[in-house]
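This report concerns only the one structure given below.
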Amino acid sequence: MRPSGRAANQLRNIEFIVGFNRHAEGSCLVKFGDTHVICTASLDEKVPPFLKGSGKGWVTAEYGMLPRATHTRGDREAAKGKQSGRTQEIQRLIGRALRAVTDLKAIGEKQIKIDCDVIQADGGTRTAAITGSYIALHECFRLMKDLGAIKQIPLSDQVAAISCGLYEGHAVLDLDYPEDSNAEADANFVLTAKGGMVEVQATAEKEAFTDPQFAELLSLARKGTSELFEMQRAALAAAAEKKKK
Amino acid sequence: MRPSGRAANQLRNIEFIVGFNRHAEGSCLVKFGDTHVICTASLDEKVPPFLKGSGKGWVTAEYGMLPRATHTRGDREAAKGKQSGRTQEIQRLIGRALRAVTDLKAIGEKQIKIDCDVIQADGGTRTAAITGSYIALHECFRLMKDLGAIKQIPLSDQVAAISCGLYEGHAVLDLDYPEDSNAEADANFVLTAKGGMVEVQATAEKEAFTDPQFAELLSLARKGTSELFEMQRAALAAAAEKKKK
Amino acid sequence: MRPSGRAANQLRNIEFIVGFNRHAEGSCLVKFGDTHVICTASLDEKVPPFLKGSGKGWVTAEYGMLPRATHTRGDREAAKGKQSGRTQEIQRLIGRALRAVTDLKAIGEKQIKIDCDVIQADGGTRTAAITGSYIALHECFRLMKDLGAIKQIPLSDQVAAISCGLYEGHAVLDLDYPEDSNAEADANFVLTAKGGMVEVQATAEKEAFTDPQFAELLSLARKGTSELFEMQRAALAAAAEKKKK
Amino acid sequence: MRPSGRAANQLRNIEFIVGFNRHAEGSCLVKFGDTHVICTASLDEKVPPFLKGSGKGWVTAEYGMLPRATHTRGDREAAKGKQSGRTQEIQRLIGRALRAVTDLKAIGEKQIKIDCDVIQADGGTRTAAITGSYIALHECFRLMKDLGAIKQIPLSDQVAAISCGLYEGHAVLDLDYPEDSNAEADANFVLTAKGGMVEVQATAEKEAFTDPQFAELLSLARKGTSELFEMQRAALAAAAEKKKK
Amino acid sequence: MRPSGRAANQLRNIEFIVGFNRHAEGSCLVKFGDTHVICTASLDEKVPPFLKGSGKGWVTAEYGMLPRATHTRGDREAAKGKQSGRTQEIQRLIGRALRAVTDLKAIGEKQIKIDCDVIQADGGTRTAAITGSYIALHECFRLMKDLGAIKQIPLSDQVAAISCGLYEGHAVLDLDYPEDSNAEADANFVLTAKGGMVEVQATAEKEAFTDPQFAELLSLARKGTSELFEMQRAALAAAAEKKKK
Amino acid sequence: MRPSGRAANQLRNIEFIVGFNRHAEGSCLVKFGDTHVICTASLDEKVPPFLKGSGKGWVTAEYGMLPRATHTRGDREAAKGKQSGRTQEIQRLIGRALRAVTDLKAIGEKQIKIDCDVIQADGGTRTAAITGSYIALHECFRLMKDLGAIKQIPLSDQVAAISCGLYEGHAVLDLDYPEDSNAEADANFVLTAKGGMVEVQATAEKEAFTDPQFAELLSLARKGTSELFEMQRAALAAAAEKKKK
């Protein structure tokens, strides 16, 4: 039924390569099937102007795609001299998602800058970016804790994201590009391990969908993210184990 | 309870001034309380490059705010030389909402450009813009039909939008600025008169919300948009009546 | 003779809606016939860098047009990423006109930012903008005086502007768009109530004009602005009256 | 009285070096005292889009200043990424001035691009630029005529510009920088040899001036431009003579 | 002597991962030690305007660095809205280097766009980019040949690049970041397998160097590139072998 | 053999007009045949941010070309809103060349900004710019010394630049435009009077060149710059002489 042969509620192969980048305070190469995103977390001693003197920190994100991450080459945003509306939407979304689980007061007047760069795309880049950024952010905080800059890792919950959609009339989980470009509806859910909703973005691509259809998409997303949370924990535990040695 | 004294499920005073602009093919000044948005629909004989030769038309939207629409003056985007991420998000949303109820094939290779300009803001500018743009678009199509350019008004349904949010723990309808800037969660629903969902954007502003809370917000939105659809119909009927004379 | 049927020395219907915007320190919606401009005055506690430490204040202006203010839709300057030469010329003119009647020392190191946004255009937008901005600026100063920030309204004179032109060989006052787009010459006069000239911009649109023709245009402008000064005073008096109640 | 010791109605030393640039179709280095401007006229076989198919030609102008043309170094506009409002005002003025004496139909669908680059500035750069550009344009037309592209030099009149101002209460001709930066009023007149007015831009720098003062400035400008017209004719005649040999 | 312990004439560990990107017509992830660059070659059916109708093709290149490729995070060029001078220098260099060994007539009116994106940097990114791009370009041509678009791989020679420098008074090969940032002189050589010089860029970082020192750097570069050419051939042969299976 | 009839090792006519600009701290109009470049040196009391508090000064350069400096008119960079890659490459090169002979510590926390503006171009603009800028910089330092701001002219050596190339198979010195646009190879050498190399940029324009050919180009460059150094000294001595009187 699905072009990839997956079951309706089946994720793609998911992989987290923690510590992919040797310079960043935290990093993760995340793979959702053929969608590969490098996520780095960089510690910046300066907060944005609106937080100066507040005692609070900030987490922000930037997003980009290599020109040939996609099936046909896209223009390089740096060469065009501006970021597209789509890029700005996604990077704002990533920042909000991470801030929702971060205790900004606990980090003091510091800023964590997340960079999500898609080196290969096959649908679902924003959900992979959020899910991998959580790990990069966690690792950055772990390093800060190891260095004594903070006492606890200031994350109140895990956050992950997944897309669901209506494809040929059926609700399916984790759309790849062939599905995404033909879906009747497309929804991105940013959820937490404790069962919270952080962000929902659902869009009818062809015609309006119904309330029960939306409920079905949400249910799939809960199933998918519960698996992602499990994998995040495993990847972080393995990284911690490796570091001890 | 609410700063304005409204009931939890009560809209602000809504007003549609159809034909506000003497030049545009369709126009409407929409007021959601103290939020005032001028919506115009301009017919353009050229479609974007990706539709050339397709026989299909397009509806697109641009959004702006006068610098002093807000409590404190904001920078003029034209002077800064770029539109903010927020502006781009909103104008992409308006375009998608209107295209969801438009039969793009029926209008042929023509484009309708919607401009939504906020002349005074008090929260909910994007929902007012969508709701008023539907009227501007309808009037543009009515003029095209009167001129024989199309046979039917190519709208398959009515579309309107409303915000709901969690304010001091309660679900409330149609947030004004004092509520919006303190809400725990903020959701914008773009719904149709026949009961479809076109777009949902829900965001936790402080901490994650729950599935039942989300359901409550959706229920309020259904109530609010059913009133908006009624008012849209009345405004369009009055305009048609006035034109006959 | 004139497309509108007006006499050669007759202004369009002029209207000032003082306090149009609920947020701005001073505001006025000005109408010169079908040309409608929202003028707001915003108090900014910071002066531009070249005045820091000078003890002097500043008045500056920005100008914009909604894309569909005009007969055919113009591109949105914010979307294009830059303001046109015409926009910059006009906003510099408005600033100079207002500064010519303002005692900048009396306001201390503060800045008043004027925004003139054309929501509908039918010729003469810059003259309407100057004439309406005087009122917005006055109201801003009145508020500052009421709040004790200044002792007197620091305006040494009234300022207003009007266009005159040679249309089908005749000198006419207050050109509307059909006249403006066919005039042989076009002149904008910024004059004061005490009889001073603040700015003259006269341009031959087709061929050069003569000294006596120029003198005729100036004479018409004196007649038109004397009426505008009267109307400004009446509008401000009515606003003051209304406020007392 | 004047810092330079000149009489009130005395021009600075004026010099025209015709054919200064070896590549341009027409060129002139113009000197108004220490203000030096390179003016070139470049023939372009393409007209702007709005004239395609009209059979008419166009004359347009661009203006720039070398960063160290001025007493203190100014920022390079190319490095800042945009032209200032002042630059745009001036280049629009130059274009209008030249078009007012050019028969655009006679040149066919071709465009002459004028570049005015100030290599040293001491006040009056725009008036020098207009006066010198007339010569560059004339030489471009002379070359086109020599090559058989046009039958006559399509100039209906000579055009020149001069500034006048009120300096320490007196009307003076051709302001240099020390006068310009302290003048009470500053007016630029673009006039023709046959006695026409093409453009007037008068600005009160401190307080409003009077109608008789304005008349005095105009009278000085007529005196100054009559001398400039004489010098333009002499320079063009000398260049023609030299070319014959 | 060298921070890495390498001999003066020793390259870092070099690795080519051919076909790294699943979408591009040709691709290679190249590693010069900790410097990792993704190189892709994208076939574009359109040539730049200056080649239209010439029958000739073109090879061009773009270069970018992920913000956290470096030790401290750099600003994202897409967010700043322009590419730095350094970026532009490098991408122009890559394009020239590849065109020097490509028979542009043989590919007809097509363009190959090379993208070099540095995902981790430790000195020598431009030399790694050129060396890896040669492979990406070769693979793109191999695919075009397999598809019958060209008859032969239109490369007349192999091209590779390496940096040499004076570090603590000694000439060393293939500078890494600790060396690069302290070198007295830095030279990049783009050489061909047949012994040609394509490009030399040598810069004194502290004080001028001498002719014999320059000769020593060139000699080291010849040694280094002869090894790189060998590795390029091996990587391409292995990729061809793998493809057959 | 050469289009100009020059011998292979013959420079064009070289001229330095020291003190060309009346405002700049140092200036020189340099002519390499028909290539004319205005070089100015402007003293700025502020260093770039990365040097604040370092006690060191800086020398930087900007480069531009008038639109009609060239055979056919080029676009104005200020109007396009960005500097080309070529412009940025050249201005970075000029800055590095001058810093290589300047004792930055000796000037304290001050910055010299060099502007090189090409008013007419016939090949070799960057080499003329470097050679003339050395004089402008020297004159700026001489003025600073005369004013007591520095004790010695902080230049450790003279710097000059010249291009050499392979033209119709022969190595030639100081390419003009007809040679430059047809050369097989083009090399720019920045050399010092004491025999140092500061920068080498050699590029194969058609096919790769050989090591002996490169050596021949370098030898020509040494011959050419030795003449330039002589002329620089003579021009500076004449300027010093003139100033004494």
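Here the chain labels run A, B, C, D, E and F in written order, and each chain numbers its own residues starting at 1.
The definition used in the following text is that contacts are C-beta pairs under 8 Å (C-beta built on N, C-alpha and C of every residue); 3 or more make two chains touch, one makes a residue touch a chain.
Computed from a prediction, not measured in an experiment: that's the story for all the values here.
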item: Contact-graph separation of subunit A and subunit C, given in steps at minimum; value: 2
item: Chains touching both subunit A and subunit D; value: none
item: Cα superposition angle of subunit B on its copy subunit E, in degrees to the nearest 5; value: 120
item: Mean-CA-position distance for subunit F and subunit B (Å); value: 60
item: Inter-chain centre distance, subunit C versus subunit F - centres from mean C-alpha coordinates, in Å; value: 51
item: Interchain centroid distance [CA atoms averaged], subunit A/subunit E, Å; value: 32
item: Touching two or more other chains - residues of subunit C; value: 81-82
item: Chains in cyclic order, anchored at subunit C, direction fixed by subunit D; value: C, D, F, E, A, B
item: Subunit A to subunit B touching residues, read off their complex; value: 82, 85-86, 88-89, 91-92, 96, 100-101, 156-157, 187, 191-192, 194-204, 207-211, 214, 218
item: Of subunit A, residues touching subunit E in the complex; value: 21-24, 27, 34, 38, 40, 42, 44, 62, 64, 66-73, 76-79, 81-83, 87, 113, 115, 117, 119-120
